[in-house]
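By letter and in written order, the chains are A, B, C, D, E and F; residue numbering begins at 1 in each of them.
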């Protein structure tokens, strides 16, 4: 449980500054420091238990499907890292308290920082691979926020994004790697994984897994060639740089390699890859550190270099190398944090980090100068400082390793070279800033910072010296525990300052001497390197991202094209392919049932339909003609339904056909009357081929089904139509009873269409052509008189027919839908004959409520069955006798059908009448013709209007 | 007869599809209407073709499969609703965009 | 069904069919639109009327009770056919369809007030 | 006798419909086509009536009635369209 | 003349509707008569508002005679037209005739125009917008005056008497 | 009432829609109250149903008291209950958000919204193939209307493509259903599944053709690769609460694929088993690739989110394509996450756009936002969740999906999912830094956003955290749902073998 608190306290610490942001900075800082301080204390309190060899674990289940547990461990490695993370974190908090300007949102800054600390602690303590990954990615995110903290600076934004992209990408690779690793180990639990080294290394997927995991580690630890983001992350406020790039974030990669060391490091591949990458990074970072002119840039590249050094050690992988690596992790954290903070102090006090503006500061800032010099000495590996010890161990290990076979001398040589460069840039850092006179004046006149701001640096420098002088006393226990955790067994070692005169010592001495010389001559070197320095990683990266976005856009435009024709082609091609795949599995297209004999009327119908279909397509450029051809098809489809014994369908098709025609013509008025020739012949051929092939597929499928016996559930409907549904017309009974739910949905669709169209017509501005497609002016006779009077006669008859069709629907062809359409069409005829204004005046009910009422009636009919304990839409019917009238049948289905009727009438009128209304008010008519039209509409003035 | 029927649905489908591949709204709408006619014929025939069936249960047997009929009825109504919507959408699109292209072209080529 | 009734029905049917045929024939082969209009208006309407009467007679004799439902269709046709013919003729006149030269009578010019203003070019090129 | 008459009539009606189709196709003008379509509607009433006689069923009566009503309305709509462009104004 | 009542504005028309209803349902069962009667009352009430002016039949008997005459004419007209169409050797004399109208009300003009279209060789082609004359297309007519006179006497005057006088 | 619980997800929004649509204008307050109350009622119904389904029993509701296979039956199993709950959760967020003012930008918003819910819920519940078509149409037409809410050129333009493609899709749906009916003689999916066992060989090809036609249709709704083109612009153009609700519409397509092919073409289907699998698998991967490119290319936040929806489609369908219970379970978890989060992001985008004024959601420099910090926090959370980064649900979903892949599937799925994740990460960090960090210096102007909007957005985005905290129980449920789905005989037995026959 203590482990959980250790992990949880920093996380809760995120809330503290967020809640205290409004208070004074002092309160906020102190409150923020409280929780991590407790956590650090708790961690330290575990040391006795660890020394006694206790395994500290905590686990609760979380997501079993992913083998994810909230599992924490505290072993030597975690202990080392926890102390670094939280210890240095607290120092950073203290430092940041002074560093940030008074108007900066310190609460937010602390919250980000605590989030980062919490995720680092999480990484260090995870006892589950997936959990580790969760925290791993969280560090990327929180570092993104921290690096971009000064978001008004373009550098900060870009640096943050670059860091996130690179480490995020690595994180994704790591996820894949860890999933593989877990799979290979058979468990995601760290303990199990670390114990299954043999299985893992023997697995054929080992190289892939190793590659993915290392990709994650290398990107995070800024190893060559993924190092480029780190220098640009220096756009962050210095406390961030000090924290992320000395002690924590970049060490996460190192931590990962150390953590998984027992499981995955025992192979040639590991040694070669890791130590080579490490060496390259070591040299590359050191080389560029020598020539950077930005103080933090120098530190950034030196960080890259030192991370390389640690990586080399982990690559070598011998017990002593591991020890050296861990020791250097500790040392690097101390001196690098101190150096970053010093750099921040200098920046803070002088207003610049440019070397050329800095110089001779030892007078103004003697204490800072001393502290920086000491820390730099540690970095350079000067004897008596902690850096010397671990570097000495590093040289020793490079001499021992057989990793490169015959070329084994190369590694110590390169290590020495790294040492030389390290000495040179450390020297340069100190000399240029504090001793050499400045070439330009700094923006501010420098003086010492407040003492408390310097305190963290002092503490760290003291640590550097103390560890350097008394390694056995200060670091042994910690390193003992940590190595034990990495090696999974105790290691017998002694830390000492003096090992006698040996080759490593000679290498150190050589490094110091040659390094000094090198710094002295470094101006010549700079001239030499200038030739290679042209590549700016950030610009390359930015250009890469921009180009990628641009290419993606190009690709997408070319691919998607915003062309319905293309989408349609793809859709139809997909349907074609699918149909063909089915058809090739139909062995015999003509089934057992075969063909029925053919007769003349059927041939006529087929001829008409085929002709009509082709003609509609062929004449599509002359839109009205195409419409006329379409109505041949509509008519003959209805006749086909009649021919094949489906009177209901024939009636429905007929009424829908007319309404569709009216609708299409209403719309056509506002659209071009003709389509210009625009498809190329090739395009036409392609379209014809595609449409034809899919047509062929559909025809074949149709034929195949038609020539097979039907095996349908329909007999049930026929048998139960009268006894169960109370009607002789099975089709109607299916619609209002067996499948009434479909019909309910269907009238909802219809009402929705009305509503949707109403939305479309809202504030629609249309240009009304003054003339038809041939340029003829419209006839001024708006409402031909003869049509007007006939429409009056037809309306009552149509209503009667409509009532008839409605009432008989259950027992005879007909029903609410057809009746509704007839009513609607008769009313539309009135609109056509007399105009919207006239009709609207007399037809004063609003259509939307009618349509909705239809749906409501149908729904309520369905709900009624609940009262009797039956499911929704259960129908009932009965026979009643009235005097005079005699026996008659009443069915709830009729009520349902009434709903259908109302919905159809309401929706159809909503569509057509509203569409008609669009044009009424502002049709461009001259006064003169208007007057004529008026008189023609009402020939005699005697008539009341 | 089945062959002729299938050919008819095939030709109607093909004609409708050809129209839906045009570059202007109106032919596309007409094509969709034609296509829905074809599909209704197709769906209708899934219960087999009955040339002299009774329409009502009390008129003897040899029934045309009523289930596809009911389905087609629903499909006709829904198809009508959809056609109505799309046709007015085409109008609206022209009023907003200024032309009746569906292929993302910005201006008229005439 | 008695022979006479059957003969009557057959006669009515064939007469109807002939009228329907002639109506469409006129529509197909006459030489201008205004002439073609005559066939469908009159002959076809009557032809359908005959067939409907035949149908009435048939079902009357089959079912044994008077069944004159078809009258309703006839009624509809007689109301609507002249109106559609009228509207079609009006459309023809509006479009100034050519009539054959031998047509006598006043030139089929619409009066000035029956013709709209001069055409205005459409601002949107897509139109027409 | 009746079935022969039915055949003859059917043949006549089918020919009539084909002539309608002919006129509808060749035009030459819009009103010609509309006229042809209108006639086609009316002629198909004949087809329905004959079907009813053939099947000895009055089931198709409403279809014929609807064709008579709705054919007219679509003709009116097309004429109105040609005359005025806007059919509901 | 039957006085119109609020609930039964057009008794003749209602009767016609009842008749049509009975035709539709093919039954004279009491139930259907009740239902049809109800509809025959309700529908005119609903549609009454759409009539600008209800035509009033002033001479019903004359109307009957007129209807019969027109029916007869239709039949003869059709044989005539059928002959004209079917005989390829016959030379047709199409003719546009401007017919000056005497009738004034739209409903009666419509009746006249329909009658003209249904009877011998004539189609009413255009009602002038002022409502004063009717353009008629005759399929085969040489004598314009005779045609006008025939229409005037045979159809227009009776209509005027039945409805308008 | 409890015996009618299954039909309530359809009936509640239906009645609410009726109440809301009866009057077109006015009564803003009444409409908001009705709509929000109905949506919460739907949520409670969904919770009740989830509770009912959690037992593992499949229950059905025979509409009109006609037993399956003859009547239409609504079928409740763990999967459909889950989908209903996700829909209701999403709807609550969207509808409350809409009460912040979006509902008044056009007519009939709430009524259409309710009917859209009815369509979606009906599609999730129905056990009948043709009824599925009907509900598809209900939800489509409602979505057309909602897409147009508020008007504007972009909306009209994008909806033409959306509508026409879907109309063609509906025709294909009918063809597919028709063939399947013609070949099997039934429409009830469970009945159809039971008939697969003894399907005559001469009909197999027909069934294949019908089933694959349906796959095209479902693929169109789900927005799989060659058919996804309608999605980005339509979603980007839709009004925010509508776009949020649309987040579940692609899932209707995915659900349908899952339902139809696991039931009808499950292990009882012999030769025809898993006939959709290769198609779904390869096309989903291609979709992922295309969506990844789209994410990088998007220059507008809404468009970016639309492509993120597409990434989720690709990922989910890959899960369908793997066709193992593990993969199904993983995809269900991911589905909950992605639906709610992308929905929330659409809402958030609208809020950001409103605060930024003229530049709207375009990824260009704009004015600083009045409520910038809160919006930035919300965006950060949403972005983390949707990009699949820890510690939010996206990471869990993604890890589950990756973990469910087997053998050679891994090579493809891992590569594409991870690359798409990287693309999202790059695009979202670019978008976020542009929107929140790269603003003009200047005075803050503009009004704070309505509370409703904050609630709606937070409601949806907070689900991510809950999904993390309760990852265990949630994944237990999805695992059980996946196992139920892998065992079609449960449904067949309940609907056909135990209940069948005329009453």
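The rule is short, and it goes like this: contacts are C-beta pairs under 8 Å (C-beta built on N, C-alpha and C of every residue); 3 or more make two chains touch, one makes a residue touch a chain.
Just so it is clear, the model here is predicted, and its values are computed rather than measured.
*Asks:* Using the touch definition from the top, how many steps at minimum link chain C to chain D?
*Replies:* 1
*Asks:* Find me the chain with the mean Cα position closest to the mean of all the protein Cα atoms on display.
*Replies:* Looking at where each chain's C-alpha mean falls, the closest to the middle is F.
*Asks:* Compute the centre of every chain as the mean of its C-alpha atoms, then state which one is farthest from the centre of chain D.
*Replies:* A
*Asks:* Taking the mean of the CA coordinates per chain, how far is chain E from chain F in Å?
*Replies:* Each chain's C-alpha centroid was found; their separation is 62 Å.
*Asks:* Mind checking the centre-to-centre distance between chain D and chain E? Centres are C-alpha means, answer in whole Å.
*Replies:* About 23 Å, centre to centre.
*Asks:* With centres defined as the mean C-alpha position, give me the chain D-chain F separation in Å.
*Replies:* 48
*Asks:* If you average the CA atoms of chain B and of chain D, how far apart do the two points sit, in angstrom?
*Replies:* 21
*Asks:* For chain C, what residues touch not just one other chain but two or more?
*Replies:* Those would be 18, 23, 25, 37, 39, 45, 67, 69, 72, 76, 79-81, 83, 86-87, 90, 92, 94-95, 113-114, 124, 126.
*Asks:* At least two partner chains per residue is the criterion; list those residues in chain B.
*Replies:* 20, 25, 28, 40, 42, 46-47, 52, 54-56, 59, 67, 74, 78-79, 81-82, 85, 89-90, 92, 94, 100, 102, 108, 110 - these are the residues of chain B that touch more than one other chain.
*Asks:* Among the residues of chain F, which ones contact at least 2 other chains?
*Replies:* Within chain F, the residues that touch at least two other chains are 130, 134, 137, 141, 144, 160-161, 164, 168, 175, 178-179, 181-182, 187.
*Asks:* Where on chain A does chain D make contact in their complex?
*Replies:* Of all residues in chain A, those touching chain D are 600-601, 604, 607-608, 611, 615, 624-625, 628-629, 631-632, 635-636, 638-639, 642-643, 647, 650-651, 654-655, 657-658, 661-662, 665-666, 668-669, 768-769, 772, 778-779, 781-782, 784, 787, 794, 798, 801, 805, 812-814, 818, 822, 825, 828-829, 831-833, 835-836, 912-913, 915-916, 919-920, 923.
*Asks:* With touch defined as at the start, can you tell me which chain A residues reach chain E in the complex?
*Replies:* Within the complex, chain A touches chain E at residues 780-781, 784-786, 788-790, 792, 795-797, 799-801, 803-804, 807-808, 830, 842, 882, 884-886, 888, 932, 935-936, 938-940, 942-945.
*Asks:* Show which residues of chain E lie in contact with chain C when the two form their complex.
*Replies:* 20, 23-24, 26, 74-75, 77-78, 81-82, 85-86, 92-98, 110, 113-118, 121, 123-129, 135, 137, 139, 141-142, 144
*Asks:* Can you list the residues on chain A that touch chain F in the complex?
*Replies:* 61-66, 68, 108, 130, 133-138, 140-141, 144-145, 148, 151-152, 157, 160-161, 164-165, 168-169, 171-173, 175-176, 179, 545, 548-549, 552-553, 555-556, 559-560, 562, 564, 566-568, 570-575, 578-579, 581-588, 591-592, 697-698, 701, 704-706, 708, 710-714, 716-717, 719-720, 724, 737-742, 744-746, 748-749, 751-753, 755-756, 758-760, 762-763, 846, 848-849, 852-853, 855-856, 859, 863, 865-866, 870-875
*Asks:* Show which residues of chain B lie in contact with chain A when the two form their complex.
*Replies:* Those in contact with chain A are residues 1-31, 33-34, 37-38, 40-42, 44-59, 63-67, 69-70, 72-74, 76-85, 87-92, 94-95, 100, 102-104, 108-110.
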